[in-house]
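The data blocks that follow each hold one structure.
In what follows, chain A forms one complex with chain B and a second complex with chain C.
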Partner chain A sequence: MKEVSTHQKTISLKQRRAVALAATVCVIVIFWYLWRRESSRLGAPAFFTGFTLLAGLVILALLGARRRLPMLPLGKVSTWTQIHLYVGFFTTAIYIMHVPAIVAGGMFEAFLSLVFLMVTASGFYGLYASRTLPKKLTAVETQHRFDRLDWGRNQIAAMAEQTYSELTEPSAREVLQTFYQRALSPFFISRPSLAYVIVPSGTRRRKLLGDLKELDRYLESDGRRVAGKLAALVRRRDDLDYQFALQLRLRCWVVFHSILSIVLLAAALIHMLIALRFAG
Partner chain B sequence: MEPTQAIPVQRPSRWDEPLDASMTDADVAWLRTRGPFNAMDQSAFPRATPLTGILRYDCRLHRVEPGEVIVREGDYGNSAFLVITGNVRVLVDSLSQTQLGRDPIRSIGWGEALKRFLKRSSYPETRTPEQVSINLGGRGQQSIRQIDDRPAIFLQDVDAVLRRHETVSLGPGELFGEVAAMYRSPRTSTVVAETEAALLEIRWQGLRILRRDRTFADTLEQHYREHWLPVHLREIPLLRYLPEENMRRVIASTELRSYGRMEWNASYKKTRKLPPAEQIESEPLVVDEGQLPTELIIVRSGFGRMCLRHGAGHLTTAYLGKGHLFGIEEIVYNALRPPSMPAVRYQNSLRAVGFLDALAIPIETFATEVLPHIRRSELPEVARSLQHRFSEKRKERRRSSSDERSEQTNPNGKPSPDVRHASGASFDSTGLLEFIVQHRLNNGRDAMVIDLHRCTRCDDCVKACGDVHDGNPRFVRQGFVHERLQFVQACMHCSDPVCMIGCPTGAIARDQGTGVISIHDSICVGCGVCEAACPYENISMAEVVDPKGRPYVDNETGKAIRKATKCDQCSGLPSGPACVSACPHDALVRIDLSESPPLTHWLEKRS
Partner chain C sequence: MRQDKLDFPPSPGGDRPGDRWMASPRSGDAGQSPRVLTWTGRRRRVVTVTLLVVSVVVFLVIATVPSATIIRPGELATPHAQILAGAVTKEKCAACHTQASLSPVSWFLSAGDSHRDVTQDDLCLKCHHRMIPENLALAAHNVPLSVRVELTEAVRLASKNSGNMGSGSMHRFIPDAAVDQNKVSCSTCHKEHHGADGDLRAMTNDQCQTCHSSRFGSFAKSHPDWNGWPYGRGGEIAFSHTTHSQKHFPGWKSGAREFNCATCHPDAASSSHADGARVGEVVRVASYKHSCQACHEESMNIQAGEGLDFVSLPTLSAESAREIPGWPTASIGFADGVVSPLLELLLRADPAVSGSLRRIPNGDIARLPVDDPAVDKRLARVAAEIRKLINDVDQNGQSAIEERLLEIGISTSVFRPVLRSLPPQLIESANQNWFGDSVDSIDQPLIMASPRGRFRLVAADDGDLLGSSLLNSGGDADGLLENDLLRQPDDSSPLLEDQLLEDPLTVQAEPMRATVNDVPAASLVGLGGWYRDDDRLSIRYHGHGHADPVMVGMIETFAQLNDGDPLKQRFFQGSFVAACVSCHSAAKSIPSRWTAQAKIGKQNEFTKFSHRPHLNVSALGDCVFCHRTRSAKDSVNDAITLAAVSSTNEEPSDFMPLDRQQCADCHNAKAAGDDCTTCHRYHLAP
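What follows is the complex of A and B.
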């Protein structure tokens, strides 16, 4: 059996981050110096920063290509992601050197600037989200696969229906029936609301559990047992919806960032052609 | 209150599940006329397990045809075979993978990898006709044939193979495969039928009871001590510098012990759900803590749990696997301590997790024959410090020539890695240790572990696996979770590969070079034995189609052709395991859980 590479003396992730950040800052300072020198010598600093920016965008776009070629020994995608991250910082700095204003003038240039800023902002959000959301997902008791969430939702709904049908005592049935039909059944059957998916919160869960708890005073022991089971199912369903919301957010972010990146690269190439055409 | 009513049931008995239900009294009577059973003393067997019962329920008669491969080198098995009539040949040297019908793993380059990827079919699990059956591969005669009610694999051009290779012929009354069956080790040779022969397959439970017969037991014991025990002892790093003379004395005094059930996988699902205290209580006790050490226990195969009594339960302190030692610290300390200091007792208990095969060396033999030949740097920490303290007082006496020699050859004083962890695997987190043992994950030599604090659930690992495996991923991103770690349901290429036991054609095999267990499609008959045997549910059966999506069906029954599928570590691909290289956040690793350092280092890196 091959020895796992973790046996080797490797640097920790924190050390790696510190080294990479320091290297990025050094490279930015070098390019800033070159840009200033080019400006002071009345050279073509816009071409210098423009082509650097374009090269940076091409390198950033290569991550997508690497992800689609898993069978080739091109290094780990995680290494490419790290490169993507720091080249992203670098291109942001070069962009600031390149543009006269954060949003450039002219219709096409303004569009290009906005796309760049959106890609950059989504990139920074992605960095934040990919470092914080996994911990939130892990904190939930059960780990759900995204492709099985609908199945899980249906399972919980079926279990809730079965639990409710276990009620035989007429008085308990009378108490729980209205609440089940009005609040619980729609909650179990329907998908979470758009508002919940965008900003998942515990309000819905707390309200349902609170209302269910309120009914305890009208229930005898068997009715309480069933109410307790329903409360457990409410928690499970809410956990599942929470997983759905966060996983969907991570997936939507990847799609958004990737599509905008392609638009940005195409617009940047057009911008380059226009700039070369009118450069004289 | 009504009196409790008893429910009459039939008490389960040892032979509820015979090895072969079609064995008859006539078969048993016939076997009793053949050697070695005709010479066995019936009274040596307990009344509950008579000789006739063993022959009836723990044995199966096989008819084999010339050229049939009976067992393959490297396979695992629970049975031994006794030649009743005819002859078989044991091949002394190894056959190639191709001769056994297996497709050798071929490393492919960038170009071919890219071509395969671009030209892949849109249908999952596509196979060419040659991959579906070796019989369609144009390798000459039919390699897989149905013999009675079972599929069997045949060597091609058997006469030439037997002429070219060194072989040993076995005839009526001779037994083979007993070491692999009794001690859960890979078969060391391939055995082929030379003539039409009748063989008696004896499962290990029966074989153990047959040892009640003194002559039979002595023959087995002598054979093991002469041929296999020296090999097993030499595999232990601590004994590698032992002179031949000392080794002979160690062999003579070493005892073999077995604990637990070899078919641990059958009860795994039940036992892993038991509360930890109950699970530990159910594990057979090998050594109890607090006893005075009398022998050094060496794990030969299987798994052990070192634990301490703690409150009302037990606290796991380490787990042991093949080659690990139990009691070494206490024994070495006692042997080296000055007479004024009291002897220490076993500090931990040892229990068998599933099953445990152990070699026990008495402390007297260890002290006189082994200890003087262990390098100081390879002694346990406690003994080294004791020795150091002692040597401060009597420097001249302690500087023996053997020590000087060892310091010269190992100047940095560090023990070699295999010795350093010989006392078991342990983690700082007791919870993680208990979790790994509870779920028997210490069996995994290449387990897939995900750091859930880094994993964004993007499933790029699953997609990459599907991209390089006929559009069908060989794992699902789910599995046991402990805190931030997820132990994914992907083949772990186990130390004890129970999936390899019982494959009728040897289609599931371990690569001797890499340790990877993979399935050779062309000889997989789709019986599902491996799928049922894998306790972790990491093997699944898939119906195969041709590149145009047309399903392959059996020409006799019309049933779909199925193949066992599992992770093969992307063997042959230039990228290595695609799942690892596809993870964008460094969240996934393939790791050896039979030892603790790989996981410890990986966790340290991200702490």
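What follows is the complex of A and C.
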């Protein structure tokens, strides 16, 4: 019974997306017709699409306002996000109707075009990221708040140092000392590399764990216990770095998208004033 | 217990989502370490710094880069870009935008007096006023509303007659125009800033038709028939293609010279008549020398050889002549003669005489009733004015004629070739020969000024043509001249007393009057020119050859008269004038047009056409493919229904009308295109 309910929910989500997409396409078609109609009747199609575009940008910006006003009963953020998503599709189509060239010729208009295109591209990336990164983040065993990742990283490094110091048997200490000092200690102490942050992978993790496993045959039971604990710390640290990389990516995207959105809105308002001033 | 089961201490508290600061994670005791920025704090800092940087960059750009470079929604179209290429940056925008001459601060303020009521359309017309009438620049098609209403009705009727009103599909759903048709701004149709390749004249069919009440679908299926177009638009040269092709040049029958369209309509580029014309354009009419002279020169000269009077003395009755001092004896008798059109025109300067002239039917004095004292009085008044005219010209020359023309509102510029060719000495000699050299003031009592001795001298001269005139040859048997005062002058009559009889100057004039050439005067000017005809007591002009400047001047002078003026009609009915205007039918219009004007490039018609692209199609290289002359096989109904009606002579065109379907074979959406703007222009020049 529970499976059926889950299945129904999945279908419902797909249907909801299909309906939303169909509605968006219908609205775009309607506005396309109105745009052509305005053009055919020698009206001002550029003003029609321009003000529509500006209105779309304002609606898109309202998502940020909604997030900053959680105390007001303005509906769920998820609903606002869905609206944001489809209005984004809509404004992209209106932009294509509005501009004579994808990138305008004048300095300001070219800047405005590029900002719009960057916001649009980042929005589509955000759509992709919001569909993939959360799954990756939840696949990791432990969840961390972003601001506490450094604290967690330090805790893991401290625990690794403490674990290594627990090793009293000389032969085992001799086996692990060099590996710990050359490989494990820098791994636990240092922050992840930029390459890892950009493209997080399991290569580093597999290499360290493989090397630790190779040392097992030279260790007694106590040494193996310590090595196993160090391996657990390696996995924990790698998970943490993975969380860091993905969360940082999402957060950087949000900052990039929001900063450009502010610039875009301001530039669009200036463009509107210029267009009104120079019209006719 | 699993080896990787790790127990970490709980995370330090004290930080909340949204806080900008938190304790350093490297410290075990949060109170002893400096704070560090949270992600929220770092994000706000990044956003702030970024916006500040953007603002500074924007400020620097505005301060250093010209506004025309910053604000430019797109490149100009090539024609405008070329014109403005040399202008300084600020003037480039201000050429079309009054706002561009103002600072951005003033955008939000009043434009000021200097730009008040100056619209973008005014700036457009600053350059384009030569092509577009300024008073109608914003009216649809640059024509008044009344004209548009007429055209709309004409199109509606044409559509109805074509039976195409119901055809077409989507054109019924074209929305109504968003603009006032009496105030259509230039930018409504001409969209700038679409780049160098942008077509400023690009218009869709829907955009063209949005203002129209009668709308069409495709050209092939729905466009109304155009009936007689392109015929019937008037022409400057009267020419029958039917008779020339089928009667005068029936080459297909006899093997003689074949009628060839290119003889009169050669390629403009190879013709000397169209300098700079592009290859493929067709000359509307070739020169007279190339196309007409071979056949029409001789007949034209014969017709023109009849000549035209400048002045001719009418024959007055004795009662009338008695009132004119020095009126020639040869012009005394029954009231007769014709007041030539040119003479009547010059006499119109006097309103009283003008009224008398209007009472002479067709200028023919012989048609006036006889024995009517009022008629005699009017004739005397006319004759006196003729006498005065000759006297004026004798004394003042060309200016006397110019003044008379100006008094009746005739422009003298076109008449000057006539004046230049007319020697004042001819008038002077006529004055002396006809009226004697005692030119007394005609304001004196006429009867007192009559030189009695003149008539005796003329009548006694054997060599004079008057010797065989009615006055002499009639003899005593002519009852009409019995007791005629002229034949039997009564010296005792106080009316004929003349103190000048004994004047030695009068006596010296006798040899001149006795010298009369036996050769007809007209034969002396075989190559054309002015001459004095003492037989008819007239000064005449004989034309010769094509484009005689004197005839051109006379015709253009009379063309200025109202079409309803009987004098104008009489002048153009003269055979001598008809020699010119029978072919140059438009010479009678104001202003006179002598040469056929090329229709291509003219801006006063909705429909435009160029032969150039069509003649590249091999089948269309044969003119007859489109322009088929009407033959006997074509029914009259076809000719009347289909054919054009010439605007000048209202006779059916000698061409069969063009078939729309014939054009539509190529002009469809898949081939040569069927856009409205392919064949129609929007702006109509006056």
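Rule of thumb we're sticking to: the second predicted complex is superposed on the first by the 269 of 280 C-alpha atoms of A that agree within 3 Å, B and C clash if a C-alpha of one lies under 4 Å from a C-alpha of the other, contacts with A are read in each partner's own complex, and residues count from 1 in each chain.
As a convention for this text, a residue touches a chain if its C-beta (ideal position, glycine included) is under 8 Å from a C-beta of that chain, and two chains touch if they have at least 3 such contacts.
None of these values were measured; they are calculated from a predicted model.
Chemist: Which partner does A:T81 reach: the first (chain B), the second (chain C), both, or neither?
Modeler: After superposition on chain A, A:T81 lies in contact with chain B alone.
Chemist: A:L137 contacts which: chain B (first), chain C (second), both, neither?
Modeler: After superposing on A, A:L137 lies in contact with chain B but is clear of chain C.
Chemist: Have a look at where A:R251 lands relative to chain B and chain C in the superposition and call it first, second, both or neither.
Modeler: A:R251: touches chain B and chain C.
Chemist: Using the superposition described at the top, determine whether chain B or chain C touches more residues of chain A.
Modeler: So, of the two partners, C touches more residues of chain A.
Chemist: Classify the contacts of A:P73 with the two partner chains as first (chain B alone), second (chain C alone), both, or neither.
Modeler: A:P73 sits against chain B, while chain C stays out of touch.
Chemist: Which partner does A:V263 reach: the first (chain B), the second (chain C), both, or neither?
Modeler: second
Chemist: Classify the contacts of A:F146 with the two partner chains as first (chain B alone), second (chain C alone), both, or neither.
Modeler: In the superposition, A:F146 contacts both chain B and chain C.
Chemist: Which of the two partners, first being chain B and second being chain C, lies in contact with A:G105: first, second, both, or neither?
Modeler: In the superposed model, A:G105 contacts chain C only, not chain B.
Chemist: Counting only touches as set out at the top, which of chain B and chain C does A:S221 meet: first, second, both, neither?
Modeler: Neither partner.
Chemist: Enumerate the residues of chain A that count as touching chain B in its complex and touching chain C in the other.
Modeler: Looking at chain A, the two contact sets intersect at 145-147, 251.
Chemist: Under the touch definition given earlier, write down the residues of chain B that touch chain A in their complex.
Modeler: Those residues of chain B that touch chain A are 110, 113-114, 116-117, 445-446, 452-460, 463-464, 467-468, 476-478, 481, 484, 486, 493, 514-516, 573-576, 578, 580-587, 589-592, 597-599, 601-602, 604-607.
Chemist: Using the touch definition from the top, list the residues of chain A that touch chain C in their complex.
Modeler: 37-44, 100-101, 104-109, 145-148, 150-156, 159, 225, 228-229, 231-233, 235-236, 251, 255, 258-259, 262-263, 273-275, 277-278, 280
Chemist: Where on chain A does chain B make contact in their complex?
Modeler: Spelled out, the residues of chain A in touch with chain B are 1-4, 6-7, 10-13, 67, 69-78, 80-81, 129-130, 133-135, 137-138, 143, 145-147, 247, 250-251, 254.
Chemist: In the complex formed with chain A, which residues of chain C make contact?
Modeler: Those in contact with chain A are residues 2-6, 8-9, 11-12, 15, 17, 22, 25-26, 38-39, 43, 46-47, 50-51, 54, 61, 65, 69-75, 97, 99-100, 107, 119-120, 174-179, 184-185, 187-189, 193-195, 198, 204, 206-207, 210-211.
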